[in-house]
Structure formats: C-alpha cells, structure tokens
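Next come two complexes built around subunit A: one with subunit B, the other with subunit C.
After this line comes the complex of A and B, so read on.
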C-alpha cells in the first residue's frame, strides 16, 4: 500500500464525519416509528408505496425531469455544435453568457421568472404586442409549464458545456471525411457526429436529470398548487410537519431513483466506443 | 480539355488573398504534388477541390464536367487526411464500408469490396480491429483503402505521410506509388516535403504566396528551376548574384570576379543575374586546372556516410560542395586549398 495515504486523510475525515455518518443517521431515522425515539419499522416506506398519491407524484417528478432533460438536449446540442464547429470567434462570449446566470442565486432566478411569466407580466405584454396571444391572460404562472421553463433555464448550461466539450475534442476532419465518402449532412450527423458526442450527451443528461429530480424551490415559487413534486414533499416533511421519519424515507427512495437512473445512463454511455 | 483542369482559381479569407488565380491541368492517372511552404495556398487548393471551401473565382473541371456547384458529398473525390480521420467508433471494416453503404451497395458486394481493399493495402484479416489498435502506418493504409474503395474520380492526399517516422514514410511512399499506378487514379498530393514530392510525383507544382511558381516533372524542376526560390526549395543550391561581362566574366556584388564556364552569354544583357549551381554538380581539383575555375579553401567538413558536404570559402562567399565518398577519391580536409568549377549545362542563370 502507498505510504502517502495519510495525505488524503483530511478530506476522508471530513467526508466521513459530515457526509457519511449523517447519511447513516438519516437512514436510521427512516426506519424509526416516531422522531428520534420510537421502534424500528418499515411503515414509513410502506406508507409511500401504498398511497397512490405519492406514486403519482414520483412519476410526475421523473417525467418532468425527463422532459427537462430532453428539451435541454434539443436546445443544447445545436448550440454546442455551433460553438464548437461552426463559429471561429465569439465562443468565449457565448460561454460567459451561459455561465453568468450560475452566479445568481437559484431563489432570485425563480422570483425573476415569476415576474416574467405572471399574468400582465413582461412575457404577456410582448406576446400580445406580437399578436401571438389575444386579450386573455397568459396563464402560465403556477402551472407545470412555468416550473419546466425555469428548470430548463437553470440546468441548461450543464448540458451545453458537456456537449460542447465532447464536440470540441472531436476532430473536424472526421466530419469532412464522412462527407468525402458521399454521406450527406443527415447521415454524417446520425452516424458520425451523434455517436461520437454520445458520452457528452449522456453526462450532460445525468447532470440535468439528477438535480431536476430533487428540486423544490422552483415548484414552490412557480408551480403553485400544481407544483408538488417529491422535492416539495421532502421539504414539507422536514420543515413544515416535522415528520422526519417519513421525510427521510422519501429522501432515500429518491436517492435510489437517482442511483438506478445514473447506472442505466452510464451503462448506455459505455456501449461501443 | 485535360482530365483535371483548374482555371483561374482564387480564394480570400478575411481580405487575405490565399489563392491568386491559379491555373493548371493534368491528364488522367497523373500523380501531381502541390509543393510549397506553409501558407502558400496548397491546402486551400485541395480544400476547394474537395468542396469544403468555395472559391471566390474560377472553375474546377473533372473529366470535362465542372464540379463547382456540387457539395462535397456529391463530388466523388477520395480524401486521405493528415490525421487519417478514421472513425474511432467503427472497426476497420466498417470504416472502409462506410462510403459503399452511402452508394447502396448490397451487403454481399460491400463485404467483397472491403476484403479486396484490405488485400490491396496488405491488411487482410484486420476487419474487426478498431483504429486505435493499429499503428500509424496501418491507420494510413486503412485511410487509403477507405478513400479508394469508392472508386473516386480523383484522390486527394493532404500531407498524408508527414505523421509517420522516416523509415516507415519511405516504405509508405513506395507502396502508395505502387497502389496509385495499379489503380491508375489521378492523384493530387499536398506536401511541404520536397523529397517526398520528388519521390512520388509525375509532376510537381511549386507554390508560393498563392501562386504556382513552376510546374513540371521532378527532373526538370530540379535541373532548370525558374528562380532561386524553386532552386532552394527543391534541393540545395549555391547562389551567386552579380553581372555578366564580356569574355564570360562574372562580377559579384562584392567586386570579386571569376570566369564562367564556356557558353554563349551574349543574350544575357540585363543588369543582374543569379547563377545557381547544385552542390553535387561542382567538380573539385586539387591542382590548378586549365579550364575556368575558382580557387577556394575548405572551411568545414560534414561526413554523411556515402557523401561528404564541404563548405568552401571563395570569392567572399560560402560555397557548398557535395561529393561521393568513393574509394578512388580522397576526402578533403579543413584548410585544403582547392580549385572548383562546373559545366555550363549544370548552371541555371536566373533573374530573381
């Protein structure tokens, strides 16, 4: 064994004491019947799986996250492609424009979206000026649509940057080689560009999908009564109802969903290449 | 019209004229090298023919038809890139089959063509390897097979051998030339390596600043360069700048004078000329000869095995001389006093 192991001991110590141990305490809580005392039980987990409400909410959370991920790919890929392969100058400006919103608090951004999307807000005024909508109110705020728009805005940079990096690494002459072998733009995209940027798309998808599963700020601020997702349930249990045991159980179910989805996605990335 | 005809081709990038109205024609089956230093426009010419860039002016004809309006994927041109550009996620077999699949060959035909192509480049049995499992030379061959299997009307090679080490490069040069002759394909080879261009080509076009300076066979370019740029770019040469006077006297810029070899110089009536002589064309005597000669002193000796290079101090210039190391010739030593001369047929009288 390497004698330099002690060099990593401070981070290992920090990780164990502030991350691993608390995590195990929470696992323990999720099997307790009441607060920090009570007896060991499976009831918290059973409650979750026996109530259709929670299962529906789980599905809603997963499908929302999937939708956000897919839209991020659809918008992010062309943008990353243009940055990596089409334009020669101005890349840095675009990158900075993508990264700057990162430095703004998620809460502030959520409230900004509330202002943009509310009835009588800026978006409504603009759309009406352009005659895209009539005199009726916009009606987006406090719906699932508002939440999805905000989530795309928040997680989109992860997708663009990871795809951009995989395209940037790709030798442009591969695209030219494909064209010289009589493959048109569509075939070149489908058989060369897409397979070679797959690792970037998949890691981008993990970076968007996983945090989307756990959000609670945006659903609360922009989703209104329609906005409940697993994240808001967990938040309610911990901060409103003080139902730590059930909250912990739901949190671990969510963690399992994360584990399973990342495993499946990374397997996907490893195929071929 | 010749098989490949380039007419008045021009291209600028951001107001920077990279290709300046070039013209050339080659017959079917010719191996033409575009040779020149970086920035001379050779790669731009290749990219215009391939269709990756579009010319500002001029036309490109292949087999009598213009290809100017066709996108790259409809030009039917085989390309071997400097980086080979093999598709890393596909096997060797899939790489070679790629172009055939675009032409709707049947599965059986593709298999047959792929194995024929692999046999041609001596890589039979490598179908299922991935490009990264191959050596540089093998990747090069796969790239060549992939470009040739589609039976292109023209083969373009972009500095394709420069990534290989020297010994392998020489082997690949010979192999490339053999395959090219066997297939009989018209080939355009872009390189900055004059030795490579000499070895491979039927014709060489020497380029500089977006223009073709000289286009001819390797022998003619070497023997009769049109100017000192070509003479120094293709091989080495000694340049003596000065005026030709009566009685075949040549007056250098520094005032030294010597007699040129016997020839009629009456037509050379301009102010200034450059005499170019190849190092290996200079004859050395250790006793004073009767014919016109120059006296000099050996300054530096480089032994290269079969050859020796000598740096001679004469007429206030450094003259390079190259000699075979024969058993019947003594090697010169530093500070040896020598007399050297050359034949009139071995000198080029240049104006620039």
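After this line comes the complex of A and C, so read on.
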C-alpha cells in the first residue's frame, strides 16, 4: 500500500463524522418511540404506512420528480447536442449562462418565480401583450405547475452539463460513418447518438430526480395550498414539533426510495452499451 | 494499515470532543471587574437594543450580555445542559414553562420586589403556566394576538367574525396560516370549541378541509403575508397583531380585528434561572423591562403590545383600540396554553392530512 495513505484521512474523517455517523444516528432515532424514556419500536414506520395520506404524498412526490426529470431530458438533450456537435464558438458563453443561476440562492429564485408567475405579474403582462391569453388572470402561481416550472429551472443545468460531457467525448466521426453507410438522421440518432450518450442521460437523471424528491422550499412558496410533499412533511416534523423520531423515519423512507431508484437507473446504464 | 487509519480517525474524534468539553467556563465578572448579567432572548427583541440597555447598565454598573435562542425548545435544552448557574435571565413562554418549573430549572420570583408588577394587566398575572402552588415563576412582559386582518379597500362590510375565512364571497382572496397550532385553534373558535383543548378533532379537520379550497395560498412567515398583501394577491387572512400594526404604519390599507368569537393570544415572560448568582440584579433587570418608559418606547417603535397598564394612557387611542389593549379584549383572547408532545403530534398530523387532501 502507498505510504501516502494519511493524505486521504482528513476527507475520510470528515465523511465518517459528518455523514456516516449522523446517518446512523438518524436511523437510530427512526426506531425510537416518543417520550423521555424512548424504547426501540417500529411504530414510526407503521404509522407512515397506515395513514393513507402519507402514501399519497409519497406518490405525488415521486411522480412530480419523474415529470421534472423527463422534461429536463427533453429540454436538456437538444441543448447539449447543439453545444457539443453543432456550434463551434460560444460554447463557454452558453455554459456560463447555464451556471449563473447557481450563484443565486434557491430561496431568492423561488421568490423571483413568484413575481414572474403571479396574477398581474410579468409573465401575465407579456402574454397578454402578445395576445396569447385574454383578460382572465394567469392562475399559475400557487399550483403544482408553478412548482414544476421552478424545479425544472433549478435542476436542468445538471442534465445539460452531464449530457454535454458524454456527447463531447463521443467521436464525431461515428456520426459521419453512420451517414456514409446510408443511415437516416433518425437511425443515426437511435442507434449511435442515443446509446453513446446514455451514461450522461442516466447520471443527469439521477442528479435531477434525487434532489427533486427532497425539495420543500419551492413547493411551500409556489405550491400554495397544494404545496405539500414529503419534504414539507419532514420539515414540519423537525421544525414545528421536534418530532425527530417520526421525521427521521420519513427521511429514511425517502432515502430508501433514493437508493432503489439510483440502483435501478445505474443497472439500466450498464445494459448493452 | 486499515486498523491504523481507523485508530487515527478515532483519535481525531477524541481530540475534537475533548476540545468541545474544555470550552471556557463563564465568569460573572468581566475584565473591568463589572458584574455581568447573562440574558437569553430572541435576537432584536427589545432587550438587546444597545441604546436602551445602556441606561440600565450605567445605573447598576453592570454589563448585560445577550445570548440568542432560535426556539423555545432550544432554550429548554440550554437550561438542561449546563445553563443553570451560568445564565441569569430567560424569556420562556407557555410551551416550556410548566416543564422548566417541574424540572426545577427556574427560581421562584418575589413579585413584591418588582415595583412595576402591580401595573400589569390582571389577566396576564393569572396565566396558569406562570405559577405553581401559588408561587410565581414567570413575569409577563409583552403579548400579542392572532386575529383577522383585511384590506379595507377591498372589503367594505364590517368584519367581526372569524367566519370570514370560510366566506365563499372571498374565495381565492383568503390567506390562512400554514401552522398546525393556529389552524386547530382558529377552526375551534369558528366551531365554538375550546381552542386550547378542542373536544372534536374530526369536526375541526373537516372544517379546515372546507376552508382549504377558499384560499389563495397558505402563508408561513410574516414576510410572505406582507408580500401577498402588498401585491394585492389576497384581501383577508389570519394575521398577527404586531405585524398588522407595522404594515399599517407603512401605509398599507390594513385593518386588524379581534373577532367576536375570540382570538389566539400569546405572552412572553421573563424568568430567573435556578442558582443565578445575580438574583437581585436579575429582578432589577425584569423591573426595568416592565417600566412604563421601556414599554412605551418599544411599542412606539414597532414592538409588541405592552403588559403595563400605565403605558396605555400615553398611546394613540386608535392604536390601543385596534390592538385590543384593554381588559375586555384581553378577556376574549385564548392564550396558547401548554400542550404535551403527544398532543402537538396529533394536531400536526391532522394538519398534514388537511394539507395533503
């Protein structure tokens, strides 16, 4: 073994003490009963599965995250393809334009969407000037649509950048070869480009889907009365009633969903490349 | 090799833990030999205004040091884990007072040593959480209510009932609060149940589900409400007395009412920590906080309502009327009482279910 092993000890120490140990503490809490003399119990998990509305919220969270991921692929792929294969100059400018929103806090961005989407707001004025909508109010703010728009805005850069990187690595001569062998654009896309960019799409999807599962700021600020998701349930447990035990159980269930979905997605990535 | 690195990691952890353990022990005198009074309060909450506290510091040759809490729960934890004997004065409310008294974390207070105690509204002196076995443990300081606020340009009719939040006429213009406590208590008021110990939670749940579809949105922080109100997204909602007053001061057309069914009230109280080395100073500090001069200054610069009856005479009568700083209105308030963790959990879960519907 290399003698420089100690060089990795600071990050290993940081990971163990601030990530692994707290995670296990959380797992422990999730099996603890309420009250000052807590004993080990399954009650927190049972409670989650017995109450129908928690399952309903879980499904709502998963389906919203899936929708966000799919839309991110649909927007992100063409954009990444154009950057990697079509244009030669100006790539850096587009990349910077994609990254700039990262410099703004998530909370500020959520509030900005409120101003854009609200009735009588900027978007409504523009759409009315363009005669796309009539005199009726826009009615997007405080709906699920507003939440999805904000989540796409926040997470699509991850998708664009990962797909861009996999396309950039791809040998352009493969596309030319495909063309010279008389393949149409659709066949070239389906047989050459898509399979070769699959690892990028999969890791992009993980990077979008997983954080979408845990959001609570955007649903609360933009979702109105329909803003409840699993993230807000966990937030309320920890901040409103100090219900660490049940909160930890819900968080752990969410973590399991994350593990399962990333495993499935990575399996999918390994198949016949 | 693996064993060695694990050992090193453990050593590291040990070092960090022992470093935390050795954090400097506090003293009650600072370097000039002046006494130090340690106060735990919310940040920017009256007592830590340097201009105001200077008068007290000079009069009693003492240095007042503030520590801040982010929640009442945190304050309780502070007391349980080494705060007793170090901290002098704290600001607990009903949510933790019974526990603090039960666990012997705070001192009994001799109200005869507080010259301003007699001026406090009677109702506040009788709060059940502030005393035990006829011994006083906490002194009321400031208070407020959660009532109905509306835009007087949009709503011309007289508003005097909490049922306006259930009025179909204002569908899409209402902002209820996303808070399990406010939600349960407000629905209980509308249903004529006791807000502090509602008897029929199922009835409350369906009442809140009926209300849900009438909202523009739920608000959580005061800032959210201000933005919604100023942006004309809402016309009426559940609101805090203090913020409604501040918004009115800023020129918003906002009117605050305490509905005829009653409203939710809250009180912040001072208490002295067990084994405080500066008990006399602590009493003088509390007395200073209750003085009409302090209370009048603070309410006039946007602070919460004063408990000192003397102050009321010097305030703008319209403000006093709207905020309900008089015995009749205070009698209509249901002050948030102590609730067990199990009860809070039930209320919160019911509210989650309403929001998930």
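Quick note on the criterion: the second predicted complex is superposed on the first by the 266 of 273 C-alpha atoms of A that agree within 3 Å, B and C clash if a C-alpha of one lies under 4 Å from a C-alpha of the other, contacts with A are read in each partner's own complex, and residues count from 1 in each chain.
What we mean here is this: contacts are C-beta pairs under 8 Å (C-beta built on N, C-alpha and C of every residue); 3 or more make two chains touch, one makes a residue touch a chain.
The model shown is predicted, which means the values in this text are computed figures rather than measured ones.
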Sharing subunit A, do subunit B and subunit C clash or fit in the superposition? fit
Touching A:192, do we find subunit B (first), subunit C (second), both, or neither? first
Between subunit B (first) and subunit C (second), which does A:108 come into contact with in this model arrangement: first, second, both, or neither? neither
Tell me the contact category for A:260 with respect to subunit B and subunit C: first, second, both or neither. neither
Determine, for the superposed model, which of the two partners subunit B and subunit C contacts more residues of subunit A. C
Please compute the subunit B to subunit A to subunit C angle from C-alpha centroids in the superposed arrangement, rounded to the nearest 10 degrees. 150
For A:177, using the defined touch cut-off, is the partner it touches subunit B, subunit C, both, or neither? Pick first, second, both or neither. first
Can A:120 be said to touch subunit B (first), subunit C (second), both, or neither? second
Look at A:12 in the shared chain and tell me whether it touches subunit B only, subunit C only, both, or neither; answer first, second, both or neither. second
Applying the document's definition of touch, where does A:57 land relative to subunit B and subunit C: first, second, both, or neither? second
Check the superposed model and tell me the shortest C-alpha distance between subunit B and subunit C, rounded to whole Å. 37
Can you list the residues of subunit A that touch subunit B in one structure and subunit C in the other? none
Parts of subunit A lying in touch with subunit B, wherever the complex brings them together: 171, 173-174, 176-185, 187-188, 191-192, 195-196, 272-273
The answer for subunit C against subunit A in the complex is residues 1, 5, 8-9, 12-13, 16, 73, 178-180, 212-213, 215-218, 220, 224, 227, 231-233, 341-342, 344-345, 348-349, 352-353, 355-357
Any idea which subunit A residues touch subunit C in the complex? 1, 5-6, 9, 12-13, 16-17, 34-35, 51, 53-54, 56-57, 111, 114, 118-120, 141-142, 220-221, 224-225, 227-228, 232-233, 236-237, 240-243, 246
Looking at the complex, which residues from subunit B come into contact with subunit A? 50-52, 71-79, 81-83, 85-89, 98-99, 102-103, 146-147, 150
